[in-house]
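Below you'll find the structure I mean.
The letters A, B, C and D name the chains in turn, as written, and every chain counts its residues from 1.
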Amino acid sequence: MSGITLSTRRFRPQGLLPAALIVGAALTYAVVSLATAQSAQLSWAGIAGLLQRMVALGITACGQTLVLLVGSIDLSVANLISVSAVIAAHVMNGRPDAIALGIAAAIAIGVIVGLANGLIVSKLKVSPLIATLGIGLVLQGVLSAAYDDLPGSVPASFRVLAYGHVLGIPLALLLLAAVVALAGFVLSRTVIGFRLYGVGGDARTARLAGIRTDRFVIGAHIAASVTAAVSGLYLASWLGAGTPWVGRDGGYDLDSVAVVVIGGTLLSGGRGGVAGTIAGVFVFATIDAVFNMLQIDPFLGQILRGLIVISSVAAYTFRGKAHVA
Amino acid sequence: MKRKTAWRLGVSGAALMVATTLTATAWAQTATSDSTAMAKEFAYEKALMSAKPIGPADKPWLQSLSSATVDTAKYKKAPPYRVCFSNASVSNPWRVVGWKVMQAEAELHKSEIASLSYADAQDKDDKQISDIRAFVTGGKCDVLIVSPHTSDALTPVVEEACKVLPVITFDRSVNTTCPVTAVRTIGGYAYGIAGATYVVDHMPKGGKLLELRTAPGIDVFETRDDAAAKIFTDAGIKPIGVEYTGADNAKTKAVVSDYLSRFGKIDAVWVDFGAMSVAVAEAFEDAGQDYPIITGEDQEDYLQKWKQEGFKGIAPTYPAYQWRTALIAALDVLQGKPVYGPNWILPQPIITSANLDQYVNAKMPPLHYAACGCEGMPGYPERWGGKP
Amino acid sequence: MTAKILTHAVSRPPTPRVAWRRINPTIVIFLVLLAAICWISPLYRTAPGLMSLLQRASPVIILSAGQTFVLVTGGFDLSVGSLITLVVVACALITGGDGSLTWIALLAAYGIGLTVGLINGAIVAWGKVPSIITTLGMLLSVKGVAMLWSGGAPEGYLPVNLRYFGRYVWRHVPLIQRLPVAVVVLVGSLAVLVWLFHFTNFGRLLLMIGDNPRAAELSGVPVRRQRMLAFVISALAAVTAGILLGGFSGVSVDVGTGYELEATSAAVIGGVVLLGGEGSMTGAIFGGLTLYALFTLLNLIGFPEPLRVAVQGLILVAAAALTARRSGTRQ
Amino acid sequence: MPNRNGTAAIGKAVDGTVLLSMQDVSKFFGSIQVLDTISFDVRAGEVHALCGENGAGKSTLMKILTGAFPVSSGRILLNGQEMRFVHPVEARAAGIGIIHQELSLLPHRTVAENILLGREPSRGGLVDRRRMVTEARDALARLGSAIPPEAPVASLSIAEQQVVEIAKAIATHARLLVFDEPTAPLDTVESAKLFRVIAELRSSGVGIVYISHRMREVFEIADRITVLKDGCGMGTFDAADATPDKVIRLMVGRPVSALFPPRSATTPGEALLTILGGGNAALHDIDLTLYAGQILGVAGLEGSGKTALARALVGDQRFTTGQITFRDGRPAPRSPREAVQRGIAYLSDDRKAEGLGLRQSLRDNASLALRALAAGLALPSIANRNPGRIDALFRDVEMRAADFGVAVGRLSGGNQQKVVFARWLATAPHLWVVAEPTRGIDVGAKATIYALLRRYADAGGAVVMVSSDLTEIIGASDRILVMSGGRILVELPAGSAESEIMAHAVHGPGQVAELVA
């Protein structure tokens, strides 16, 4: 009986969505650069420039993917990025010998914030939206209070991270690739990844299967905060110093959620992955580049950006039958 | 049992956060700011305030307070020019006015300018870096104008760009001398000095001063406040409060109202950003009190209110005409003309009750900046939203 | 031997303890904060002082009450902050400071609100895009429209009679001496919202939609239409808040920024459960009051400004944790 | 102390030896006693049925057994060793598996990922996918199923998902399996399949606890039966020595025949609805006439189209072809809302997902349809805040809750279903489509609901009752339709035999003989 029914059933081609997004965005980019006679943007330097637009958001979004998959959300990443960048720059303070210490300090803050987020969400049962929003406000407040006293800049040798090349490939892209690969590997190959999907898909089921769901929620939050910290380190490297507004002005909180959802990960968790997320980040980077090439009025660009976010998600939700709130 | 554990965990989590916070803050206190550098810049800007600018008196955007020039013969090219402009953002009215000034300036040079390509970084440092890189790799620019969002952040990419084409910065600058010139005005200290000196001179002895600030940690506001704080301290004035309002009118009014309720009377309000001055005035109106001294900026709503109500005011400016200067400098460079540099220091007019009428213009919209140098430009006043 | 449980009996009979539990703790928190404010500042011990507090809190309260309509259906409305900006900018542009055009500007403002609400609602209800994404997109787009329309800086003041609603105070009112018009608008708006939420079928059904939309649909509830109307109400509340805010503080391009999260925070502090199914107007209103009282208190005691944001964050988390503990559900 | 090596300990058990023994187990919640010195044992290789009304203590007993609740007093011996589980994981590690009434599967994950969730075969933290698929396939094969392990669970039918759920339990190599109402979502053929699986497990030495309300099933597969009532043990019998009537009498104190009210002698009323050649994606060539005053039973297997017919009648999954004419000349409703407005009520087969707002009060849930009717785009109507009418309906449905303002989620299944009935009674529909009206509820509530339906029909209403419970179809219907493959196969008169119904449902007498035997 099962055999017959299954043969007629379609398996949903989840894997095609990221590819379609990337191809679509890449084509748009190519067509626009040719149409506006800016074929230089199709050179390796142009493409590397396009890809570098992805790095900060991409790294953050990888962590956001994990949190969304586990059924949570992290809105504190933007402020955490600022904190990480400022702390790293302050600790390094131009000294190459303090680079390791600076990195360690930023990552440590990431772990602490992630732990706090995770504990509040899993143990105090606070809605993750509120929990991370609240923690984000705490970070923002503490940072602006302390920033005056946190001067510093990163040493030139640390800026290699953002400006260096290996075999013609920007180091930053390798960093992004590494984070993506790590997250993708964990999700698709390891026991941790499999169980993460379980926790996000249905926490009760996961608990009945003997999975300590709280640990996964906390773990995912720590992962998200650490990626945000890494993103902050990258920005400190790229910008030479940290500023308390770098994360918020960058809009990394809501943008990271948007790209993950555009990439096909369910807001409610349990389905999705980093491939889609990276596709979503690529779409965002392409929007910026294409709007520049087309000389779109910045305000009109803002309107279009909003509509693109909505319509790219609507493209695969509107056929659904279930209720969405 | 379980719930207890949960709470204990939560509480210890919160405690951990607080502890981290306190440690971070305490640790931060130990850092010292470099006060000698500040004193030097303060003195420098103070001196510039009384210096006489070179150049046509009726065209302040062509004036300079430093006579040094840069030879630009090596950049000389035949017109028309392709000008590229990487802008930090147009997220506040001053930048909007300025961007329109630059576009109008471009119209004045129609024959020389083939294109003015624009990239808006939306206040994101990393986007601005990418934007500049895209301009450089795109190879469609003869000159690059940059209005950096953050000085440190943009330095490396501007250095990259310098290797390929002439670069002009304005508003904020970058920490490198590679741009052909950096268009700037005297600076934040001068702004702070002007307003604070006026307050010191006109406030009754022992009067109550409230300082309103926009947000901590932003260079331009920090320098304005540093200068003002120094003037106030030297005059023995201790403000009754220093409050951050985020330049939000509603919050400004609320803060001022609360201070009025606590102190009964306030004699002067110093602001580090003129956008909130009118809200300050309104708070006094709503409380039924007389206006105190209210410092401001060259934003029309403040100038109009000042003229209308006749309170004691002063408006140091951060002139928006520097947006024209940047483009003029860019064209000069491509024509091989020497330009003021490496710093083109523009004068920074101060509006007082004596010259207020020169600037105030009821036909201009409230968020217009009077020191735009745009009165004779094509499309004035409609381009800036004014009534003909 | 002790009592056996009855198969059919509901576990808990009503006791005084239950009645006590039903009192919204936000009211208590608000009263404590208010007492602290009064203790510190003599001004707030007088009726005019309290009225001015209420005047300033009006926009947030109206906003959080309006947003609660969306929150209880399980949605979010992040577009309200941008909508406020658009409303203020639109009023300035339409009137250009000319008071005779005020009524047109008001009509246009509510028309804009209606449109934004309908778009939000239609995309969520029929496009099935999660509202957090929809309204995030609208946050960008609506702000973009405001900026594009005004060219980045609105070309005009708000006329005096438009600012009347947010700014004017009637003096010499018996009993309370001073009565801000904004407070009258607040009371009027809340009367409408409370009536809609608690006393109409529409309002009662919103909670059911938030709890189980499918059950509501099969029982004949026009779920999509109701969901859309919730967004419309939130948007219209935002327009009202925008008129008050613009009236209170005048034209600027970032008026309203950040209010979306403030309104959501206020509702959460008032015990409205995110993802729907639970919440009340009392909670939303006192949540807004509590949030504003907190700001005022911190202002009064001269708490370092940057850290106030941090305190707001802690309060938010604490309030949500408290609600979660009380209701036993996730908040 | 829990014994983490329980599996090994149980492994020594041979057929007939006592695997599990619960001795004088009592459980208090606060001062309320819900279990009173119950003794219960399970032998290796037997099916031990646990019967009792909802609230009798079955679930509590099983929760204690599987470690979800601690005992208040008494002992649990597993293979002679005393166990005290504090977490379901420990019970599972000790070889006790449970198949819950509500499926606990991840729809977006594959069958294999679900079966081995939490026990993924791995080396150094890396999942060994090949071994995972093999193990899943083995577990499924033990159940005689060929469901591909790589298929996403969302693509499976409910019955297939049930199989996956069981595979999940047996893949732990459990020696003791608890089935909690496993046939609730299954039709008769699938149930028969499940019984074969259970029989297989029994013969391999697994001890099985089988919880069900359905006497037919219990007597079909159980070796021993224990009856609980109000937290007390009413006795344990060999199935051979007991009769369904005896068991039901112990459970509720009345015989099975009393469940169904007598049919009225009156002739059917006028035709309410005529369908000619109705069809959609799931239905074909439906010809059907409904009469006022009648209960029409619709029987069929899972996927036979019986639920699709119910949904089409209420406009949830519309008819796309055919001529559908109501008494007033109007066509079929195009949405549930239109159906409700036209006096057509629908009681879904999935109470939790489609019936109730569990956090809302009894009154709010019961007024749902009334309010929906009043909720138009016009000026918002004043909510019905006079609880008198709703409370009167609660009395009609014999609701025995102390406080009608309490959240519905805190009620038993039977009481929850009564709330849904009250909701529809309030709208006074003339056609009532009920799907699985008594699924998962206790015998007392069942009787109430059958009586309600009969009273409603006698008052001139028409009922379409879609059900997988043949006892119910036979006992409550005036006419019986049998569906298969989206088509109506045959109409049978009231009181037809189960065997006859099944014969049609499965398309051929050969299979019927096997199934009904």
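Note that in this section contacts are C-beta pairs under 8 Å (C-beta built on N, C-alpha and C of every residue); 3 or more make two chains touch, one makes a residue touch a chain.
Each chain and its UniProt protein: A = Autoinducer 2 import system permease protein LsrD; B = ABC transporter substrate-binding protein; C = Autoinducer 2 import system permease protein LsrC; D = Sugar ABC transporter ATP-binding protein.
Note that the structure is a prediction, hence the values are computed from the model and not measured.
Trainee: So which chain is farthest from subunit B, going by the mean of the CA atoms in each chain?
Mentor: For subunit B, the chain whose C-alpha mean is farthest off is D.
Trainee: Using the average of all C-alpha atoms in each chain as its centre, how far is it in Å between subunit B and subunit C?
Mentor: Taking the average C-alpha coordinate of subunit B and of subunit C, the gap between them is 35 Å.
Trainee: Taking the mean of the C-alpha atoms as each chain's centre, how many Å separate subunit A from subunit D?
Mentor: That pair's centroid distance is 43 Å.
Trainee: How big is the gap, in whole Å, between where the Cα atoms of subunit B centre and where those of subunit D centre?
Mentor: Centres of subunit B and subunit D (C-alpha means) sit 71 Å apart.
Trainee: Determine the centre-to-centre distance between subunit A and subunit B, using the mean Cα coordinates as centres, and give it in whole Å.
Mentor: 33
Trainee: Which residue numbers or ranges of subunit C touch two or more of the other chains?
Mentor: 147, 152, 214, 217, 306, 310, 314, 321, 329
Trainee: Specify, in ascending order, the residues of subunit B that touch 2 or more different other chains.
Mentor: Answer for subunit B, listing residues that touch two or more other chains: 10, 14, 21, 90, 216.
Trainee: Would you please write down the residue numbers of subunit A that are in contact with two or more other chains?
Mentor: Subunit A, residues with two or more chain partners: 120, 124-125, 135, 138, 142, 144-145, 299, 301-302.
Trainee: Throw together a list of every chain pair that touches.
Mentor: A-B, A-C, A-D, B-C, C-D
Trainee: Would you pull the subunit C residues touching subunit B in the complex into a rising list?
Mentor: 41, 43-44, 49, 52, 56, 59, 147, 151-157, 167, 169, 245, 248-255, 257, 295-296, 299-300, 302, 305-306, 310, 314, 321
Trainee: Within their complex, state which residues of subunit A touch subunit B.
Mentor: 38, 40-41, 43, 45-46, 49-50, 52-53, 55-56, 87, 90, 109, 112, 115-116, 119-120, 123-125, 135, 138, 142, 144-151, 153, 159, 163, 235, 238-241, 243-246, 249-251, 288-289, 292, 295, 298-299, 301-302
Trainee: What residues of subunit A sit close enough to touch subunit C in their complex?
Mentor: Going through subunit A, the ones touching subunit C are 120, 124-127, 129-131, 133-145, 254, 257-258, 261, 267, 297, 299-310, 313-314, 317-318, 320, 322-325.
Trainee: What does subunit C use to touch subunit D in their complex?
Mentor: Contacts found on subunit C: 1-14, 196, 198-205, 207-208, 211-212, 214-222, 225-226, 277-278, 329.
Trainee: In the complex, go through subunit B and note every residue touching subunit A.
Mentor: 5-7, 9-10, 13-14, 16-17, 20-21, 24-25, 28-31, 33, 89-90, 117-120, 122-127, 129-131, 133-134, 137-140, 149-150, 152-153, 155-156, 215-218, 222
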